[in-house]
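Okay, so chain A shows up in both of these, paired with chain B first and chain C after.
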Partner chain A sequence: MEAAVTRNRSFRDFLIYLYRAARAIVLGHAVTLKHLFRRPVTIRYPEEEYHATPWHRTYPALVIDEATRELKCTACMSCERACPPGIIAIERAQGEDKKTYPGEFWIDMLRCMECGICVEVCPFDALEMVPEYKMTAYHPDDGIFDKERLAVVVRGPKTPWPRRKGSYLEGGWPT
Partner chain B sequence: MPAWLVTLGWAVLKASLILGFVLFNALFLVWWERKFAARIQSRVGPQRTGRPFGYLQSMADVFKLLSKEDVVPARVDRWMYVLAPIVIFVPAVLVYVVVPFGPNLIVQDLNIGILYVAAVTSFTMIAIVMAGWAANNKYSVVSAMRAAAQLVAYEVPLVLAVIGPVMLAGTLSLQGIVRAQEGLWYIVVQPLGFLVFLTAGMAELNRAPFDLSEAESELVAGYNIEYSGMRWSFFFLAEFSNLVAVSAIATTLFLGGWQAPWFLPAAVKGLIPPVVWFLAKTYFLVTVIMWIRWTLPRVRIDQLLDFGWKFLLPVSLANIALTGLLFPVLVRLGWI
Partner chain C sequence: MGGARTRPEPQTGARENVIELPVLAEGSVEEISGRTRQRARFRGDFEYPGDDFEGPNVNRWQYLPQTPPVEDLLVEEVREIEGNEREMVMNMGPQHPSTHGVLRCVLGLRGEAITRCRPDIGYLHRCHEKLNELWSYQGTIALSDRLDYLAAMTNELAFVLAVEKLLEIEPTERADYIRVICSELQRIASHLLFFGTTALDLGAVTPFLHSFREREAVYDVFEYISGARLLYNYMRFGGVRTDFPPGTDKKIREVLDLLENRLPEYHDLLSYNPIFAVRTQGVGVLSRDDAIAWGAAGPVLRGSGVAYDLRKADPYSGYEKFDFKVCVEESGDVWARFMVRMKEIEESIKIIRQALDGLPEGDARGQVPRFIKPPPGEVYARVEGPRGELGCYVVSDGSDKPYRCHWRTPSFHHVSLLEFVPVGHLVADVVAIIGSMDPVFGEVDK
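Our next item is the complex of A and B:
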């Protein structure tokens, strides 16, 4: 620790203090110089893309059962009740086999806070957070995602963290 | 053509050249500082306005500032408020009168050049206090008071650091000091003086780590808090103009001005014109000052004044004493 500036300092203490200060200043400049010649970490978004990892949890999506090619959702309304901002709207429909399914399923992504509570409460694992992050729209209405937009196929068990040298981004560091 | 017309023509030409230089510098350095700071922080900086490197960013800033509404807040001291940007900008340009860009490229080689620089730059403090007081804002007054304390404290070591080269060269004329450095740059025999000059110069510039008077995290913005648009940009212009001026004076006093490095053979010296040497050294120092800004955190006001009065002042006095003691030795060695 640097000694606090005190009144009755000996000259020797002062010299030590001076040496430490000078050393710290020089080392600090070495650090910034090193960073000056490092590659920037910025990803210039529209031109370059951020390659989100498969387990990146950005927004909730409806899971399609790979075997039946149907939505897993049974329109039990748990998520609609649990959603803190109350932005999930489901219209329940009933098929011929008496099974319920969502006739319509909307999530207002403009107001979604991506808390993942809907995913937690879903008893059928029919909702999942997915890595998709490109959600920009030219009209506010396009920010309200319907059933088709929300439906995704979640493929198998998620792959482990890629420990390849140099990146957490699948595509490597941006150039 | 009558003589007075010739004089007037030359004066207007020189003034326009200097103004052009100052404005170009501001344009270039705003962009350069943003890029430099960005790279130190592992960012890329401006890049969309003017591809590939965002080189039109400063132009975009200029158009934004020019098109802004000229707001004068209701309860300001109107005269001082309007005058302060001018008072700060004029000395910033006046300094360039004595800056030797080349052997013949100088507006006027005053025989008291360095004294003139010290005199003109102290006007900055008046302008800052004017702006701070006139704006009728508590933050700007605090900022102006800090700036006054800081500038008074650091003006002394700054001038004392200048005395070293003046002693060695035996002249106050900047051109004379540059000519005296043909054999050896004064940074070699005056390293202490150079460091003191650079530190005090940075404090005079109100630049980090001595940017107490515009500490945005404490004082919102500083003495220019109520200014906007073109009036504000005059403060900004003056700041960058002063940055180049301090670097140019430091180059002149310690880095041999427009002289090529003394150890190069004469054939190589002739290849690059003096003005290129001068500008290269100046911009190098500007970059060093930016580097320091983006490395060191801001000091407290008590640390600042302690450092100025209790450290820099004795050191600069010691430097003068050392210079006096070593002067005969240096002459014997044939270094000066």
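Our next item is the complex of A and C:
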């Protein structure tokens, strides 16, 4: 036990060690100096912004059909059943044409684990994961997203998640 | 007690979804509390929902430990040390910044030399294995990310391989290659973090910033592939969630080139630095026999001179097709475990290059239905994670949820090594030893 604690060295060994350490420190500083001539990798947030991949999973949003200006969701409850933490709550409503739609649609974003399973199981492609990562709020109640907060119009390239119909390459890929 | 608080009559029909509490056989709930109540449950005094379940013939409570809990042991030991005039007790953690999370070490000190070390775990316990029983197989993949959150891909792979064994299906060839690429990238990312944090624990701040920069580049690739940076939910039964997006090949090769350029810089900065060598060489020596006897795995085992790698010993996902070395160091100290990991980064780069060159065309997703009900049975699947052998034991009773899911996590075994490895060293060396074991408390405490 004592051997590991006390280290017997002669003065000559100490000088050799000192020389090696000084050399290593100079070498280390040379590596650091190289970075003066390299481009910075940091992003100066909030002046600059990080652009996440378009299919980055942040939160599931309700897709608005651009043609009809209505939610694609038919309140089939697939996502509510599949959600592992069980944080989706839907109240089904029926219109005059007997079509069902979500009267209320809540997602508790404070407990969402962003797995994207709800998007995978949706048979109508009515949910999309959106790459919006700025979701701070002043009150915990603001973390529970309702229908208005969740609704988005998805433009441009679609996310590459597997879909029921056809290949996920249909929507085209961003270059 | 007393008659002041009486149990209210249940109002039928007034409220739905009322959960009925377990009722005591004799006496009332208020009489006993806390631990007594817990013991009563194990004795069978409670009628508990699910007790009459006729599953596989396993008596759940027969293996309950009869020894006092860890906390009591620690208290007794502390008293013993305090009775000894020349010994002193020091608590390291659980909020110590260099214990890699929430590890508490009770150190017995004589002067500054350590006479005993008792690791105390459980501060991050979140009922992971119980949650596995409550969630569907699909959700369990997403949950397994949270075990070892620095190596989410390999956790998913272990679970997916286990369930594929149950279902008796084979993943497609392209999926196998993609899994290999992802788990090797994950190994690189995890070892880079190890490089940075070990240096940080020993007082060198600069390497931490360097390694995190490259780690972010690897995570950029993961974000491009799977849509998330840390917790991917990418593996699926019979394949992966999505095929590689176009341009992934180029992106991965860029990262590999970057790493190959930067690794010599790392060695200049830290690995061959004599100050670092003095702090690590001959410190925390774990002998070959001890490493095997205590169930060490991965870099800790290979640092002690045992050339055991599951990728060679029990190949999965087609690792037998790739040409790579098993990195071994003989000395068994902190330095050896460090160098094994640094060499493994280079080997991983080799494997990824081979896999990218030979990536076959075809379906990567497999044709397995989304909701599965595996046949009843028990399987064990294991993979070589960045920290060692990661095993997953799944028991199925034919329903859509695992009946039991047990994880063999390497960090747990490595934390138990801390009982005897630091003895005789200084307090500052404990930090180096904990760093070299590289425990992640998501998977120690589960």
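Convention: the second predicted complex is superposed on the first by the 109 of 175 C-alpha atoms of A that agree within 3 Å, B and C clash if a C-alpha of one lies under 4 Å from a C-alpha of the other, contacts with A are read in each partner's own complex, and residues count from 1 in each chain.
What we mean here is this: a contact is a pair of C-beta atoms (placed from the backbone, for glycine too) under 8 Å apart; a residue touches a chain by one contact, two chains touch by 3 or more.
Bear in mind that the values here come from a model prediction, so they are computed numbers and not experimental data.
A.B. asks: For A:57 in the superposed arrangement: first (chain B), second (chain C), both or neither?
C.D. replies: second
A.B. asks: For A:117, select first, second, both or neither according to whether it touches chain B, chain C, the two together, or no partner.
C.D. replies: In the superposed model, A:117 contacts chain C only, not chain B.
A.B. asks: Who touches more of chain A, chain B or chain C?
C.D. replies: The partner making contact with more of chain A's residues is C.
A.B. asks: Looking at A:32, would you say it contacts chain B, chain C, both, or neither? Reply first, second, both or neither.
C.D. replies: both
A.B. asks: Per the contact definition in the header, classify A:133: touching chain B only (first), chain C only (second), both, or neither.
C.D. replies: neither
A.B. asks: State whether A:44 touches chain B only (first), chain C only (second), both chains, or neither.
C.D. replies: In the superposition, A:44 contacts chain B only.
A.B. asks: Of the residues on chain A, which ones does chain B touch that chain C also touches?
C.D. replies: Comparing the two interfaces on chain A, one with chain B and one with chain C, the shared residues are 5, 25, 28, 31-32, 41.
A.B. asks: So in the complex, which bits of chain C are touching chain A?
C.D. replies: These residues of chain C touch chain A: 112-113, 115, 135-136, 138-139, 142-143, 206, 213, 216, 223-224, 227-228, 231, 233, 241-242, 245-246, 265, 268-270, 272-275, 278, 282-283, 365, 370, 423-426.
A.B. asks: Which of the residues in chain A come into contact with chain B in the complex?
C.D. replies: Residue positions touching the partner: 5, 25, 28-29, 31-33, 35-36, 38-42, 44.
A.B. asks: Write out the stretch or stretches of chain A touching chain C in their complex.
C.D. replies: Its residues touching chain C are 1-2, 4-5, 17, 20-21, 24-25, 27-28, 30-32, 34, 41, 52-53, 55-57, 82, 84, 113-117, 120-121, 129, 159-162, 168, 173.
A.B. asks: In their complex, what parts of chain B are in touch with chain A?
C.D. replies: Spelled out, the residues of chain B in touch with chain A are 36, 38-44, 47, 291-292, 294-296, 303, 306.
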